[in-house]
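Structures incoming, each one as structure tokens.
One chain, chain A, links the two complexes that follow: it is found with chain B in the first and with chain C in the second.
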Partner chain A sequence: MKKIALCLLIGSILFGSSVERLKAQLIEYIATKLNAHSPVTRIYVANGLGEEVESYFRDVEVVDRCEEADIIFTKKISALPESCLNKLIFVTSYGSYKRHKDRTIGAFFWQKGRPNIIFNTKKISQLHIELPKEFEKYME
Partner chain B sequence: MRRFLLWSLLMVPLLGEDLSLDQILNRLAIEDDLSKKTIEESAGSVIVFTREDLDRMEIKSLAEVIEKIPFMRFNENEYGLTDPGYHPFQPPNANLIKLYIDDREVIDAMGTGGLQLFSQMDLGYIDHIEIYFGAVSFTIGIEPSLAIIKLYTKEPDRENANIIDLSYATYGTHDLNFYGAQELEDYSYLIYYDHKVVRRPKVSYNGTPLSRNKHIDMVGCKITKGGVRFDFSILNGGYDSFISKTISLEPRDPKTYLKNLYTGLYYKGDGWKALTNFSYYNINTHSSSPKLQGVLPVENPPYIYPYKEMYFHIHESLIDGEVSREFKVDNWKFLVGTKGRVRSTEFLESRYGEIEKGKNRYQGDRTLTAYFEGNYLFDQSNIVTCSFKRDFIYEDLVENYYRSSWRLGYIRNSEEYTVKLFAIETGLVPQPIIFIEQEIWGNLQEPLRQGKTRVVSGEFIKRFDGGFYSFMGGRVTYKDFFVRDPRSRKITNSPKRQKIDSLLFRTHYRWNGERDKVVFRYYLSWLHRNETNLYRGGDLTLYKGLGKVDGYTSLIYRDGYSGLKAGYDLHLALSYQPNRRTTLYLKGINLLHKALKSNYYGFDPFRGELLTLRGVDTIDRTVWFGMEYQF
Partner chain C sequence: MGQDLRKYLYFLIAILIFILFISILYYKFDRIISLTREEFIGIKIKDARHSAQVIEAMVEREVGQVEGPSQLEDSTIQWLNGFLSTFIDEEYRYVYLIYEDEKGYFRYLADGSLDSEDRGEFGQKFFPLEEATWRETFDRGTPHYFSQQKIDTLWITYLYPLPVLERYKTFLVMDISTKAYKSIDGILQNLKHYLEHLLIFFGGISLLTLGLYFLIYKENRRNFIDPLTQVYNRNFLKRIENSIPLDQVAVAMIDIDYFKNVNDAYGHHIGDRVLQEVARIIQKNIRKEDILIRYGGEEFLLIAQKGSREGIRKMLSRIHAMVENTPIQVDQDSINVTLSIGLNEIPEVDQNIFDAIKRADMKLYQAKHNGRNRIEILSQETGHDDILLSFEKITELIIEKQIEIHYQPIYNLRNPSIVIYEALARLRDGTKLIYPGSFLPIISRTNYYIDFTTALLQEVFDVIRRERVTLSINFKKSDFLDTKLSRIIESIVLEHRELTQYLIFEILEDEEVKMSDEHFFQRIRRLKQYGLRIAIDDFGSGYSNLHYFLHISPDIVKIDGGIIRQLKENSRAQEIVRSIAIFTENIGATTVAEFIEDEETLQLVKRLGVEYGQGYYLGKPSRELVKTQPYKVLQRVYANA
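For the complex of A and B:
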């Protein structure tokens, strides 16, 4: 029975969780490459991603309180405390991005059945963030 | 176990693979595709058309998918409606190919199968399609089936867009469809609308034009909140009914009009699933012929009445519901459930020439089903599945039917290969259309026994880097199936036993960062111990992307059909995305004009002569030009 449990655990880490692993890679990629002058190392991941995603992070530290984070990944901005609203916020819902465009630097969402990334040009320039060249095609 | 751990350790460095943002998004699109969440590997052998496949195909109707189902040929009935068949043999009116939209079985009026009506609809609001074949699990649906086509509607949280699609095709066919889907704070919605006018080249018999034009308007919505979903749709359509039931093959402008209303409520959560659906149909069909529409037996005095006009007006409603619970006990995974369906059919008018038959005695049926499925996981790789189902079918006109079905299966799964073995036995109960015909012809006194179907199938799937190949074999046995005597039109149980053997090879390979894909399928099927008459078929399909252009081409082959030349149907689609919001596309089917044709038969009772309409295209050579715009 122990063998089965171990097998299932390893199997789920390697295969069952490939989606979670890719989501973690995506978040880490955005966080680490977002600003060459001021690299992001501490992230706060709120509702919408799941604990499993966090287990795949390698180059960033996940913090428990949004106040301690350099960047926040969240589905609902309305669920964040007031003290965190001045942080870099990246949303994981299209609806949230549309409603709170003035507060977010970008969004990850599905559109027409495909995953999409958008960076909010206005907010990015307000915050004087210098995006790498490969992010330019995602700017809106 | 040691090998597995070693292999696992070898794989660990791949977790650190450096990918660009584009590559991560592309992989996520493939790995997190909705079809991977819905597929039920233990339900049978399965073919999946992913969202990406359907987009590249620029799919215009379900017929394009039906054409590719192994062992099956796309065909149309005498009304010009979709009526695919398993070959070399399938019992008449058995309705063994089922259509599902999400969790709902789509049933046309009088149990004739949802394909006739719904295969005409646009698939703009469909995300992906799964086709189960072989010994298909009966935990999907109430009726037994040889193939199940499952359509999954788009998920609003994966759409977040409003899309309008306009297309125009040869002969004047045109289509306007729209869908809008959004994820909001607490709920999400999908709304869709389709207006379709299908104009097809005329066929003629003895100078009589036979039309298969159609027009359909459909509007619907899906609202989801947590585990609860509400569905609603209305369909209004009409079509020129081709030959209709005109035995002289020379009808004068036959027409059918139909309306369908559907609503459903679903819940899924904590291992529970519950659903209820309601469907309502209103159908008017009229057909006449200057020569002969049909003949009707009259009892008093007994004679055969020839008539030149026929009219039906039918109302039908279907209510069904299901509750099921999934739970685990040690290495067992159980599914227990019950389903029920009430069908009410009312003939408001049925007229044959001067004879008004009024309301038929057939008024519907009620079915209650209880089922159980147990999956035992010996370990990560070995699963045994067993299921049992009992149906209680209460009929108004004849004795009730009690049907028992069972299914056994074994699945061995590893990273390199999968083996699937299934055996199923189930009963065949006459569809309502059979009772209605029996009543008209005064044959209801002799009850039909329940038929029996047995299916045994096995599949070996070998995976390799970028794809897989598979071999599948199966045998279907029918006993006591229903046959119609062409002279008396009486339907009886056949004394013969019919066995069909089949083999299928398929392979699938992806490359170019998994953007491009080639699929090949080839099958053989034959009546047992009659290998000289082989039915052959397959398809070779290529999906290719190049910059802003996506391409799709497919050659579908069918051969072995008596009196018909081999069919080769070439599909081609090209789509170009000049910007993020716009897609322009060009699509063609039956481009070689060599797709498998069909023959239709009538009868002259005065001369005792069989009438034949030969070589009719069931798939027209059609080219579409269209544009999709996102706003």
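For the complex of A and C:
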């Protein structure tokens, strides 16, 4: 059911919304699912996502410092301070994911005009995170 | 009016047809766009298939077939990436190979994408948005394409089976960019918008035209349609006078006989109904291309297109008979009216439509003169003399003063003597005499009519001065309503004031006299003060009006010839004549009976108390002033006296 919800989310957003809105909703969806135990999910987006993307957030709080965040979205892990490297990190490029597989829990990026999600199974199990069933096909 | 309105109507119809055409085109345009898109997709897919076949051939030659992805060497993958990248351009946005692994996940085998962000790495999962379509295609194993609805940079995705791996289904994927499509779609969409604007533009124009049409129609109706009878009025004749092809029409003047009697007897509202009914009958019997105009009070002008001559004659006969036989309901009663019609079948010999109308009017005059309720025709055969009598000819004769006066004696039936001579004007054209009915309608309301009247009056005074006899001369009421003419008449009379006792003005009873015609009465009263006597001509017919007796006290009353002619057979006519004679005598005037054409009539008028008489039996009009009464005439006058 949840899988269908994610597909519907991707499909409906792709069909009727802007890429920014889709990005925002997918980030929000992934973040809240990964942080399901906490009532508020704080995210830090390195280099920012732009005001438009952030304007679509409803259930997550965007923080300015990565130390305060539950989940970090960044393109380059090297840009993060040491103090944040132990947080849940999601990269936004496949190349970065490949290079820093040991530090990231997954990747979320655009390729050929299509959204791609990858969850790092090894890291997720290391961190004892229980991933919803709907994300199973994105596990690597 | 019709032509103008027709032009607007045609314009409007053309615009509406155009709007309809554009609307159909507009509503069909989605289909056109769709067909064009399909056509264009067909071309692109053909292209893509060709490229896929080339790739297939090259891959088969260079790579061959391996069992699974793990058997592919890095160098082969590099070659594949490099080879696929050669097909990438602005249209072929992405060209890559995807295989389906054991778990059913789609994975990259090779990718020709040059941008590292877009390039999928060997073994990387690939998530198509239209997963079901992909699965079906992989299951079927045949080429397939579908339009991309969810990715706005892509137009079509083309899947082509490429058997590189023995145990895994592999497809070559070509994502075609929207750039190619957008260029043609842009043109089509622009055309669609252009059609939209065109539709709005022509819609606006048609609304404006419709508004304009309505305004012109309303204006034209107000200007050119007689509100009572709903036929054209004289303004319309003015409008079309230069566009009437005289050689293609016949002109008829149609007059309702004794219409004034209807008005007097039943009131104007019934008179109006008679006019409406007559107009309706005429309108119903003419053709669409014929023009009916209410020309005067009870006078209609018909400009009929010449089909055959008989056709127009038949049409007028039908109108004539139908009006006569159609009773017009008046309260509990019904009345029948008749028409007098003058038809000019040969307007082509006239200078303009007004000359043609005058000649039709001349025939109408003749029809009235010959007893009314009839049609008189001016045709090639019957009107040969009239044909020669053009406006120019008449004016030429007037300028050359070819005016002759013929004198018809009026006898005192009680005291044997000629008391008055009626001066009757003629025009002399060589050996031929032209009678007033043939030229007065043509020159009426022109300066030549004034010249003619002036010359005639001068001549009459010359004769009076020379012969010292009493002469009467005919005038129409309208002569005294014309300020210029009445002033000229008055000045000539004043010049000859010492002779005015010998002159009688006969006012023709063919025009209605109303109380409001104060100018007319004033001018006649002034002339009477100069010593002139006034006679009412044709009393008892047409617009016989007792207002004359109230306002100008006529000296002589000439009983209408139509009544005198009926004396022998009609006792009512005798009573009328007796009554007129008594009435006239009582108001101090003298009665004259015209048209005494035989002995019996002469004796009857004498017995009925008529004082004066004239007619062919007593004396025909003659060029010479007959002063001594012929023996036979005296015998006639005094027999049984």
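A few remarks follow.
The rule we apply is simple: the second predicted complex is superposed on the first by the 113 of 140 C-alpha atoms of A that agree within 3 Å, B and C clash if a C-alpha of one lies under 4 Å from a C-alpha of the other, contacts with A are read in each partner's own complex, and residues count from 1 in each chain.
Everything that follows uses one rule, which is that a residue touches a chain if its C-beta (ideal position, glycine included) is under 8 Å from a C-beta of that chain, and two chains touch if they have at least 3 such contacts.
In this text, all values refer to a predicted model and were calculated from it rather than measured experimentally.
After overlaying the two complexes on the shared chain, residue contacts for A:22 are found with chain B alone; chain C is out of touch.
By the touch criterion defined above, A:128 reaches neither chain B nor chain C. Looking at the shared chain after the overlay, A:95 reaches both chain B and chain C.
Looking at the superposition, the partner that touches the larger set of chain A residues, chain B or chain C, turns out to be B. Once the two complexes are overlaid on the shared chain, A:118 sits against chain C while remaining clear of chain B.
Common to the chain B and chain C contact sets on chain A are residues 10-11, 14, 93-95, 109-117, 138.
Every residue of chain A that touches chain B in the complex is listed here, in rising order: 3-4, 7-8, 10-11, 14, 18-19, 21-23, 25-26, 29-30, 56, 58, 76, 78, 93-95, 109-117, 134-135, 138. On chain A, the positions that touch chain C within their shared complex are 10-11, 14-15, 93-95, 98, 109-118, 137-138, 140. By the touch rule above, chain B contacts chain A in their complex via residues 1, 4-5, 8, 11, 15-16, 19-21, 24-25, 27-29, 31-32, 34, 51-52, 55, 127, 154, 157-161, 163, 182-185, 331, 379-380, 630. Residues of chain C that touch chain A in their complex: 93-94, 96, 105, 113, 116-121, 124-125, 127-129, 149-154, 175.
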